[in-house]
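Shown below is the structure under consideration.
Letters A, B, C and D mark the chains in the order given here, with residues in each chain numbered from 1 onward.
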Amino acid sequence: MLQVNYIGAFCLIVLGMYCMIAKKNLMKTCIGMGMMDYGVNLLIVSVGFHDGGTAPIFVISELSRASFFVDPVPQALTLTSIVIGACTTAMALSLVIMAKKQYGTINTEQIRRLNG
Amino acid sequence: MKLKKKSIIVKCAADLFLPLASIFGIYVVMHGNTSPGGGFQGGVLIASALLLFFLAYGGKKMKSTFHEGFLHSTESLAEVVYIVVALIGVFAGFNFCLNFIVFPQFQIETAMVMNDAVGYHVMAGVICLLIVMLTTLNSDDEDVEEGSDQKCCK
Amino acid sequence: MTTFLINLVQLLIFPGLLFCVVFGVLLAGIDRKLVARMQRRVGPPILQPWYDFVKCCGKETIIPRYAKRAIFIGAPYVGLAGLIVIALFIPVSTYGSAFSAGADLVVILYLLTVAGVALIVGAATSGSPFAGVGLSREMVAMISYELPFVLVLLAVGRVAGTGTAIGCTFSLGTIAAFQAANGPLIAHWSLIPAAIAMLLVIPCEVGSHPFDIAEAETEICEGALTEYSGSPLGVFRLSHYIKMYIMTALFCAMFLGGITTGIAGVVGIVVDVIIFLVLCGVVSFLCMTIPHAICARLRVEQIFKFYWTIVAGLAAVSLIMVWVGL
Amino acid sequence: MTISMAHFPILAIMVLFLGAFLVALFGRKSEVLRNGISFLATGGAMAFMLALIKPVMIDGEVITYWLGNWAPVSGWAIGISIEVDALSLFFGLVITVAVFVSCIYAFTYMKEDDSLANYFTLFLMLSGSVLGLVLSGDLFNMFVMIEIMTFTAVALTAFRNNYEGAIEGAFKYLAVGALGSTAVLTGIAILYCQLHTLNLAQIAATLPQYADSPLTIMAFGLLFIGFGTKAFIFPFHPLAADAHAVAPASISLMISGVLTKCGVYGIIRLVYVLFQNVEVPAVQYLVVGFGTVSMFICVTMAFNQHNFKRLLAFHSISQVGYVIAAIGLGTALGLSSGLYHAMNHTLFKGLLFLTAGAVQHATGSLDLDRLGGLAKKMPKTCILFLIGAASISGLPPFNGFASKWYIYQAAFEKGSTSGNFFFIFVCVVALITSVLTLASFIKVAQSVFFGQLSPEFKDTKEVSLAMRIPMWILAVLCIFTGLLPGKVSEYLLTPATNAAMNAVNYIDQMMGQGYAVSHGVAGSLGDTAVTFAGVWDPVIWLLLLFCVTCAVAIVAILGSNRKLGTREAPAALQEPEKVAPAEAKYEPFFSGEESVYSQVGGSDLFWGFKHNLKKYFSFMHDWHSGIVNDYALYGVVAIAFVLVFCIAFV
């Protein structure tokens, strides 16, 4: 069950990287960045997942040795990471909008005034 | 995808769900320190109600209803509040971000105040972001659309 | 107080200012004389470089329009002073060095760069395109000889440092002590390629004839020195002579140390120093006079290729042999 | 009410963030308020850091601080912590000084831009996040701070979005930087999966048990390349070049002086404290190899450049290469030389970027082929530039030389004691890189400050004092740290080195005494005593130089007692078109054609060098294609290489 998650995370990361390498469109580069983010998020959530565990919501009195729940820390991490990913994506998209205004294109082959 | 003129169904639905969405968001913010969720999620929920408003009433109405400048400037106020409240711990002789009860009779903890500050900040920030994005992306289309509609009517 | 006076004497007379100037001028004069003899000319008197210098100092100094006055005038003096300070760090046979605690081989490598940079900055501020080309060539020459020079230094440091705790040294004092105990390093056969490389590095560092691309007067009107006149020009010429002494002395200190009479006392030291100076003269003859007499000037790109392939190759062979313990 | 020393780190971070939000709140209208808040925030952060020197650097304390008093429970760190040892404080000091200088410089430099409240908000957030990164004791917090840092740095790079290429540079930085962030986050996820903790000290304590597990090694590789991305090591250097060239100069200072230091700090923490695997030969090859390749390739790339700041950007990576190569040596001398060079790099590269900014401010151009002869118009900036250039190219007695000298000693010593030729090779490359750096700065000096003044820039004015003061601060620091390597080493480098080499103390201070030993962390790494293979005393040299210069000058003055002296070139030369009759005696020499503007441009220099290596140079030029896909490809290849290398050899 969990292996699927790991394989999925790996596939997402690799797909994201592929997208960044191969696609000559700034929008697709952004999508690639997003996919990498999601892949890592999936990985982190899977790391904290225990098969059959409950949601980690307790009051102190309910908590005992026997309580079996999924690790809450990775979920917090994922949340933070999602927020950061959203910011990064927003930033990247706004840069794409401005690049389109300045260069008149979003083809990476033509956005290369800084080179050499 | 272009949206046609706002239909009455969307408007009615929005009128119905807007308060619900907002209240749910506020609920999540307020209970952030004791239950799952918290400032960020609640803030985003409230802000997403804006999308509903946009769908129903359009960009111009949205811009006139939500005061972008005000939200933008008070957004940083929330952060300042957060840091100041967190610093209370330092000046009271404890550590930064320490959670303790400020007003025992109301069960108000510093964590709650901080949570609310985050909620407000996120809400203001995301609303500003949405307004900026929606107006830059759709302003031209809308004008053209309205113009063409008028022509058709004439 | 006595220490101070001794230091002052060392600074100003031996092995400092006066000695450097006298011996540098002598070396240059002998070099010119020998070249002339090898070309079947009578040649100038041996003190001709000194007459040149004095004559230059008596002439008017003209500062070009684009020059920044302070830098233009100051550069030659700083370069000269930098060179003389190096002389204080190089051990002179059994007399040793005046301030051995001050610097090691790497520092000397860089202090030599200071003199080069003084020339370059002086040339750059003059604003002449000839000077621009000249400084570009000077810098290329610097890049060229730096690689073999570094390799030689590392090879020598490794051999001389065999006795120390960390198995390597950059300190000239340690190198001198090693040679005093074990004989000159040139006798160490794996260092012979390094010594040859070093002999080839010296003329380029000094900028003597086949490698004088920076001042090639037939091509770029004196290059870096185009706009210089009067005493700054004289000082640059003097720096050139002193560099001849310093580089040969460095070679002697690195490879020919430990050739001493073994006599104790002042007489022994004097004799040793004289031997050292004679060795300097011989090295100067080998590495500067002979190429000067028999070679035509190389082109810029030839120099670079020559140093980064043949000379660096020699030095690298030596370094690797030293490293694998041969 | 006194605030104990333990609060100072968090206050230093928070004062910057608070300043950022206050600027956003009040700084839109009033310039005085905006500058005042920024000045107080950066100055305050610097004061807090300086106040910590006494307890941390000299008395050797380690400040641990649990946010919200969430102290560890039964050996498990459950809260977020701040831990300041000498290593963190060293970087904290470097960062706050650079931030402070950049802030004062920006007051004048950015004056003509609009929406400055945004600039200072982002700037202070950037500073705060960088400081938070080095002081944090929590791995995930480090990641968050890295992300804030990248994010704000990208926004600031694109701040002058009307500049050609600003958007493009920022986008590349963001996109390829995301690869690095992904690598860091994946590494953290893998570590968490194994250890179920994010606290640095606890990870450091428990990791040695899993040292041979492939997961650990994979995490190491990912974290290494992730932090390497933030330090812009090869092959991520094109990002730095693009970002630097288009960012405002005060931000270029931040990117090169501060952001790259975060990457360096991350790598040090990683190999010395977290994984403690710096003694493994393969790790040394990896770290030193990346450093060496960066330093050589970037310095040769600088020969191709026509833009002042882009050239400086390549040098920046080249110097960071020195630092990384030095810290990878794994000896005490190597680490302290790396730290020393890291500090010096911030100082001199900051100075150079600020002079570039001054040139840009005064002339509006950064094109090396157009500028020239500014020494006459901007003499004070020229002196500052020469100090910076002398420092970076390692001319004695400036600080660049002192730290490079340490690095050569360290590499040579390491090669000698380990008998490994690789480190000797590193030493040779470092020495050659140094002379190439010198050549490159000769090029800048010739094509910006010396040579002939282009008619285009004949009305250039010297920049104002407010811009020169920050430059002088850095210049004076450059000279002092160069002249007093002994003192710097005693008060800053040795404590920091000892702290980094002593992981046990770091763990114990955080998690309680005996925690490290109970988890089987074996003592401190290696011997922290330092021996040198050579000697260098800048003070003696400087005294001697001074004496000899005086002697030479006296002789020269006495020698020229005839009233000839020196004189400026005659008016005939000054104004070729109107020959003054009084100067007629010069006419035979200066008459004829009028002098024309002929400047040997930057790209024409060093022909002999470039000609021989023209295949290499044209290959490198094509290789830095400027296409974001290509850079992403290099990044992915680097990640893959590091992973394969780690799994195969570590």
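Just so it is clear, contacts are C-beta pairs under 8 Å (C-beta built on N, C-alpha and C of every residue); 3 or more make two chains touch, one makes a residue touch a chain.
Here the structure is a predicted model, which means the values were calculated and not measured.
Trainee: Name the two chains that are joined by the greatest number of C-beta pairs in contact.
Mentor: C-D
Trainee: Could you tell me which chain's Cα centre is nearest to the average position of every protein Cα atom shown?
Mentor: Of all chains shown, the one whose C-alpha centre lies nearest the global C-alpha mean is D.
Trainee: So, what's the distance in Å between the C-alpha centres of chain B and chain A?
Mentor: Measuring from centre to centre gives 24 Å for this pair.
Trainee: When the centre of a chain is set as the mean of its C-alpha atoms, what distance in Å lies between chain A and chain D?
Mentor: The computed centroid separation for chain A versus chain D comes out at 30 Å.
Trainee: Using CA atom averages as chain centres, what separation in Å is found between chain A and chain C?
Mentor: 61
Trainee: Once you find the CA centre of chain B and the CA centre of chain C, what distance in Å lies between them?
Mentor: 74
Trainee: For this structure, enumerate the chain pairs that meet the touch criterion.
Mentor: A-B, A-D, B-D, C-D
Trainee: Applying the document's contact rule, which stretches of chain B touch chain A when the two form their complex?
Mentor: It comes out as residues 35-36, 40, 129, 136.
Trainee: Which residues, counting only chain C, touch chain D once they are in their complex?
Mentor: Where chain C meets chain D, its residues are 11-12, 16-17, 57-66, 68-69, 71, 73, 77-78, 80-82, 84-85, 88, 99-107, 109-111, 113-114, 117, 120-121, 124-125, 127, 129, 132-133, 135-137, 139-140, 142-143, 146-147, 150-151, 154, 157-158, 161, 164-171, 173, 213, 230-231, 235, 299-301, 303-305, 308, 319-320, 323.
Trainee: Across the complex, what residues on chain A touch chain D?
Mentor: Against chain D, the touching part of chain A is residues 13, 16-17, 20-24, 26, 29-30, 33, 36-37, 39-40, 43-44, 47-48, 71, 73-74, 77, 80-81, 84, 87-88, 91-92, 95-96, 98-99, 102-103, 108-109, 111-116.
Trainee: So in the complex, which bits of chain D are touching chain B?
Mentor: 1, 3, 7, 10-11, 14, 17-18, 21-22, 24-25, 28, 65-69, 121
Trainee: Under the touch definition given earlier, write down the residues of chain B that touch chain D in their complex.
Mentor: 73, 75-77, 79-80, 83-84, 86-87, 89-91, 93-99
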